[in-house]
Amino acid sequence: MKKIEAIIKPHRLEDVKDALNKLGVAGLTAYEVKGYGRQKGHTEVYRGAEYTVDFRPKVKIEVVVDDDLAKQVEDAIIETARTGKIGDGKIFTYDCEAAVRIRTGERGPEAL
Amino acid sequence: MKKIEAIIKPHRLEDVKDALNKLGVAGLTAYEVKGYGRQKGHTEVYRGAEYTVDFRPKVKIEVVVDDDLAKQVEDAIIETARTGKIGDGKIFTYDCEAAVRIRTGERGPEAL
Amino acid sequence: MKKIEAIIKPHRLEDVKDALNKLGVAGLTAYEVKGYGRQKGHTEVYRGAEYTVDFRPKVKIEVVVDDDLAKQVEDAIIETARTGKIGDGKIFTYDCEAAVRIRTGERGPEAL
Amino acid sequence: MPAIDFGDTAFILMSAALVLFMTPGLALFYGGLVRSKNVLSTTMHSFFAMGIISVIWAVVGYTIAFGGSDGPLGAFIGSFEHVGLAGVVGDVTGTIPTPVFAMFQGMFAIITAALITGAFAERIKFSAYAIFIALWSILVYSPLAHWVWGGGWLMQRGALDFAGGTVVHIASAAAALAGAVVVGKRKGYGTANFQPHNLPMTVLGAGILWFGWFGFNAGSALAANELAGTAFMATHLSASAAMLSWLALEKYQHGKATTLGAASGAVAGLVGITPAAGFVGPMAAIAIGLVTGALCFFGISLKNRFGFDDSLDVVGIHGVGGTVGALLTGVFATVAVNEAGANGLLAGNASLMLEQLIGVVATIAFSFVISFGLFKAIDVVIGLRPEEAEEEIGLDQSEHAETGYVL
Amino acid sequence: MPAIDFGDTAFILMSAALVLFMTPGLALFYGGLVRSKNVLSTTMHSFFAMGIISVIWAVVGYTIAFGGSDGPLGAFIGSFEHVGLAGVVGDVTGTIPTPVFAMFQGMFAIITAALITGAFAERIKFSAYAIFIALWSILVYSPLAHWVWGGGWLMQRGALDFAGGTVVHIASAAAALAGAVVVGKRKGYGTANFQPHNLPMTVLGAGILWFGWFGFNAGSALAANELAGTAFMATHLSASAAMLSWLALEKYQHGKATTLGAASGAVAGLVGITPAAGFVGPMAAIAIGLVTGALCFFGISLKNRFGFDDSLDVVGIHGVGGTVGALLTGVFATVAVNEAGANGLLAGNASLMLEQLIGVVATIAFSFVISFGLFKAIDVVIGLRPEEAEEEIGLDQSEHAETGYVL
Amino acid sequence: MPAIDFGDTAFILMSAALVLFMTPGLALFYGGLVRSKNVLSTTMHSFFAMGIISVIWAVVGYTIAFGGSDGPLGAFIGSFEHVGLAGVVGDVTGTIPTPVFAMFQGMFAIITAALITGAFAERIKFSAYAIFIALWSILVYSPLAHWVWGGGWLMQRGALDFAGGTVVHIASAAAALAGAVVVGKRKGYGTANFQPHNLPMTVLGAGILWFGWFGFNAGSALAANELAGTAFMATHLSASAAMLSWLALEKYQHGKATTLGAASGAVAGLVGITPAAGFVGPMAAIAIGLVTGALCFFGISLKNRFGFDDSLDVVGIHGVGGTVGALLTGVFATVAVNEAGANGLLAGNASLMLEQLIGVVATIAFSFVISFGLFKAIDVVIGLRPEEAEEEIGLDQSEHAETGYVL
């Protein structure tokens, strides 16, 4: 199995989820992260003191899928998460050795 | 070493932690995530507008352990996180190539 | 490519980011986590009821880099995140199979 | 010069303070309903009104509203004798010092302007907003206050508006409608999730509004007398009853009674009773509350039917509630409660209803037309909306260089 | 008809507003103490009381409490002459218009009902709750108010209760105890973490309660006179002193003085002084505060000893504090402060103590028994608790289809 | 004994309640500005002041401030006749019962102490803080109140301070400066991010402060008369105008007008008008607001120039604002507004300016020196600061064993 991690712009989450859903991905996990990258941060001012905030709000999606599906998932994310502007984010792929569904104890692709 | 990631129901965290502790796991990292899966979401209503919330609050646990311990950790999580109802979550296992304890510079299993 | 995950004390984040930046790391992702480990928790008291809080606030940094850079990144994190006191955290290294930049579709080290 | 009554003065001083407090309350009420990236800009809309409108009121607003009606334009605006609050210190209005009267009335000018802002929350440039409310307060609010309370034509015709159903609620809602239309919809309207980010904040805001509304309505008696007591009672009972009818409908339509529904219903009831508060008894107040709560519950869906993005339901609550309240005043008013008032439909007088209707229509027309023009003009000159990317990042950051929460 | 005093009227109008404001304050105080998934349902308990109790009060509550005592049941409930607040407009009570009196008293009815809700927070169905407080207000609160303030039997015996130690605090705590027992413990009680989710919110709530309590206690003089001043002073000093004794004990027992301790101690002191406020001098008020703060600090552990889950310590604070305050009124009351009051133990009169005790016991018994019966009956008919899974998800979502925070 | 006026009494009772409410407001204002790990400790600084200062005020503070001035030390402190508030019940001050006067004044003692805490927020041991404000209130606040309002030497010289520009704002700012210097900078000052954690909370705090300030300033007329109305008007207009000048400068210097700027400017304007409120007309009030807002905007950068860490800008806002206000009182005061006042520079009397200056300098010197000594002494005896590690974890956890938010 492959674990695909995507760091995307927060407002793309719903669309990405729907796209993956259409591919037959039954589940995924998401959370808010702070991203630092080419996309510049911004400056805030509090009582005259300027703070530079380098991190931008992003959402990270993690989804473990069968090897066959990995490519399609990647493509679907690229398609739905892309706005064409800097800061659209990255997709990273890792090998996942084992998966278990806690409720049933099912293992491997069945657990997904 | 193995990295074990478990996505569980939030109220199971304490018990899972205690169980791992008993196995001799010295440390772990946890954080709140939003999970999408077979467990359905719910509908919210604000001034007549209905929103479907597909994500459910989950907690993700990450623990890196020596290869020998991996199976026991997995079993312990299954045992303590299981409620038997849909949405109990998943356990994923990955290979971890290296570990360092920042404070001392110790490496490998020693670092855990 | 390698994925380096570091769990560090929250107030070290800025320095670590700057150090990695100097090494030529163009981007990274960070988020708040709760850490359980050798560093003890603390006790809170609410209307006479004592609660033990075992988890401590930590920040987790994730950065995917070219294999060559991995060692330097690790060293830079150790150097900047270390305070010498318990709870300084860990660095874990994983293999990353693929990377894509969503905006351009670039792949591999180029995507970073 | 009539004598100052210290009891009355104590009451109106405190009422003025209460009405001022409604604006931070509104900031919370509105602030909790937007997304967290816009909490400060929304809050700022209200808070800034406390600054700009107060100064404008002192300089010209008060005199336009309450200057003498003897001049040729006296039916429409007051004379300019009190520019810069000249002649106010040392004068007496009714049984209270005129500075107290001027400040009490000034607080109404603030909250009215602030109410409008719910319509274009999350998508207006701060500079455009600032210019808009400054001009609106001078060109719309102050003249309207003159029409109804300052001796202008509506007052002369005999329309009843105890504490500002037309001047405050209908006027702000008409401006809000113009704003929603001209400013346009929020980016992502209809697709993105505009769920309120902090409902406990909104409920606190509603609580403060309710609290402050006693100053607003009972204070409008301008004395600590029986009438103030009656208005207080009507205010409280209408708010309560409207909460119940809103919740009942919500339960019926969606299966659950919500916290936001309770807060919205209460505010609707407060709006509905505003024109009537000093003219009706307790059971009429409950009736007004029940009806207003129910009609506002349906009112908030007008925006969907007509396709404008009135983000925080200014039209649905203040427009519908203010109109319903003004008309129900024509139904329930009775001189048994207030001799200085008039009898309404139930007391056998149908003509009041006509006056009420005229008041409503005139206010809507006047406020909508000028507001629409103002928004259009500002849009041409400096632009109303931030860049798309800025709207997406959120106005707190793009307009104010701040972040609401770092928890 | 006696003359209306505008100063007194101004004061009671404002006091009524302040007492109303206590309920949103309580919503914050309680809301901050629960888990974030129940913040809205807890808030709603208080806020909804503003709706339902007000309407009930207008329809029957007021007349049960303050209708005439001449009828055969006059020692227990008032006559029904004021159903629907009939006869209230145009009437005068003391030196204030009766509508003002009726509303001031109505605010007490609201907050008393809302106080109970701390006992069963986080685990009651909203519908069950709504039915409970509606009935409770009619069957328990209004009669009790009649007993103590409306000319009923306790008033005739001579028990002193300046602003509601028995009627408000003891009555609500007894109902709370019944609720905690019948509703049962929260899922996970004793194992899960019930840490407060938002203490700044709770502290703000405590601040609003303190502020509003001036209306509650000083307003109970029903005039802006010396007595109001004395009651104001006693209220403030008792709150302060109780905060100090609570913090001192906390520091001694747990090593740290906490913010929640400061807020809880202050509320305890406000509860403790409520029955005594108009009968004691400043140093007695400080003594009452110190003692109440200390005893409530121990009071909150009663629930552990007796094994009921009084989630937000209604019994520990309002029950213990109200009882201690009622008894200490029997100790410290003196006609030197209030001629219309009575002398207590320290002024050489032991008999007052007995009356106070009778008042306490009667109130506890009456409220507990009826409340217990109500809870049991509602449980049988529609059920008190949501499904386990719903309780776990949180009542905000399961009962109200809302989420408190989206930060 | 002069007669009690019920209107005046109603007003001062309510004003006292409003001033009390300012302290929870300050807790929010300050609490929102610190990092979330210190929100409770910062809140506690204010809230605890409500406990400790009230009791101290009752025991000795009041008599030091308002005891007779006939004794040999009478120019500096009051006689001890009112220890424990002896003789207060039953007495009358002006037209209000003395208990009301004593409580109204006591609320000033609380907020003044609480204001100081912004200077050493996020890094002081709670025990050290508690000892400091207890002693400070006795040794600095009460004597100063005597100097200016209790018949002491500054009052005799003729300095004008309507509601506490020197006693409250300058005194607290001088103590704050001493605190910032002696306690030292926060760990990480200059490098770490000290961004406010909850600005909506801060804005709400500012709203409550504004609301409460009406009690503070208008209440200082000690009657519900014309003067109270004038002071109310001046207060409101200065706050508004200062918000505008602050925002204008901010926009000019940093490109954006901020929400925190609006809140800070308003507070600056409220500070600036405090000494002048009852002596100036509306346009002078606007002028004072504009100037104070602008100078405080620059004032907050003093700490950078001089290198002290006044975390929440007590010196920059209350010190600068109080001083500017005191001096501008010397410019704008006119007997046309208040016969009991004096003419200032614009009315052709330069000598008032000198008195104002003497008042300012004497207050700064007195408060700074004693505060400095107190801080040093406490540092030697029990230590002012927590361990470094504790400061890093945050004072909520290390000093109070609590967590602010569990969202």
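Which chain is which? They are A, B, C, D, E and F, in the order written, and residues in each are numbered from 1.
In the analysis below, a contact is a pair of C-beta atoms (placed from the backbone, for glycine too) under 8 Å apart; a residue touches a chain by one contact, two chains touch by 3 or more.
No experiment lies behind these values; they were computed from the predicted model shown.
Among the remaining chains, those touching subunit A as well as subunit F are C, D.
Path length between subunit C and subunit D in the chain contact graph, taken as the least number of steps between touching chains: 2.
Homomeric contact subunit D/subunit E is classed as different-residue, with under half of its interface positions used by both copies. Between the interfaces C-E and B-C, more contacting C-beta pairs are found at B-C. The geometric centre of subunit E is 33 Å away from that of subunit F, both derived from CA atoms.
Rounded to a whole number, the gap between the C-alpha centres of subunit A and subunit E is 51 angstrom. Averaged Cα coordinates give subunit C a centre that lies 45 Å from the centre of subunit F.
Looking at subunit A, one finds that residues 31, 44-46, 85, 94-95 touch two or more other chains. For subunit E, residues touching at least two other chains, in rising order: 5-8, 10-11, 14, 193, 195-196, 198, 254, 256, 258, 260, 401-403, 405, 407. This structure has the following touching chain pairs: A-B, A-C, A-D, A-F, B-C, B-D, B-E, C-E, C-F, D-E, D-F, E-F. Across the complex, subunit A meets subunit F through its residues 44-51. By the touch criterion stated above, subunit A contacts subunit D in their complex at residues 11, 14, 42-46, 53, 85. Across the complex, subunit F meets subunit E through its residues 4-11, 13-14, 16-17, 20-21, 23-25, 27-28, 31, 39-41, 43-44, 47-48, 50-55, 58, 84-85, 88-90, 96-100, 102-103, 106, 126, 198, 201, 224, 396, 399-407. By the touch criterion given at the top, residues 2, 6-8, 31-38, 54-55, 58, 60, 74, 77-78, 81-95 of subunit B touch subunit A in their complex. Looking at the complex, you find that subunit E touches subunit F at residues 5-8, 10-11, 14, 18, 35-36, 195-200, 203-204, 206-208, 210-211, 214-215, 218, 223-226, 228-230, 232-233, 236-237, 239-241, 243-244, 247, 254-260, 262-263, 265-266, 281-283, 286, 336-337, 405, 407.
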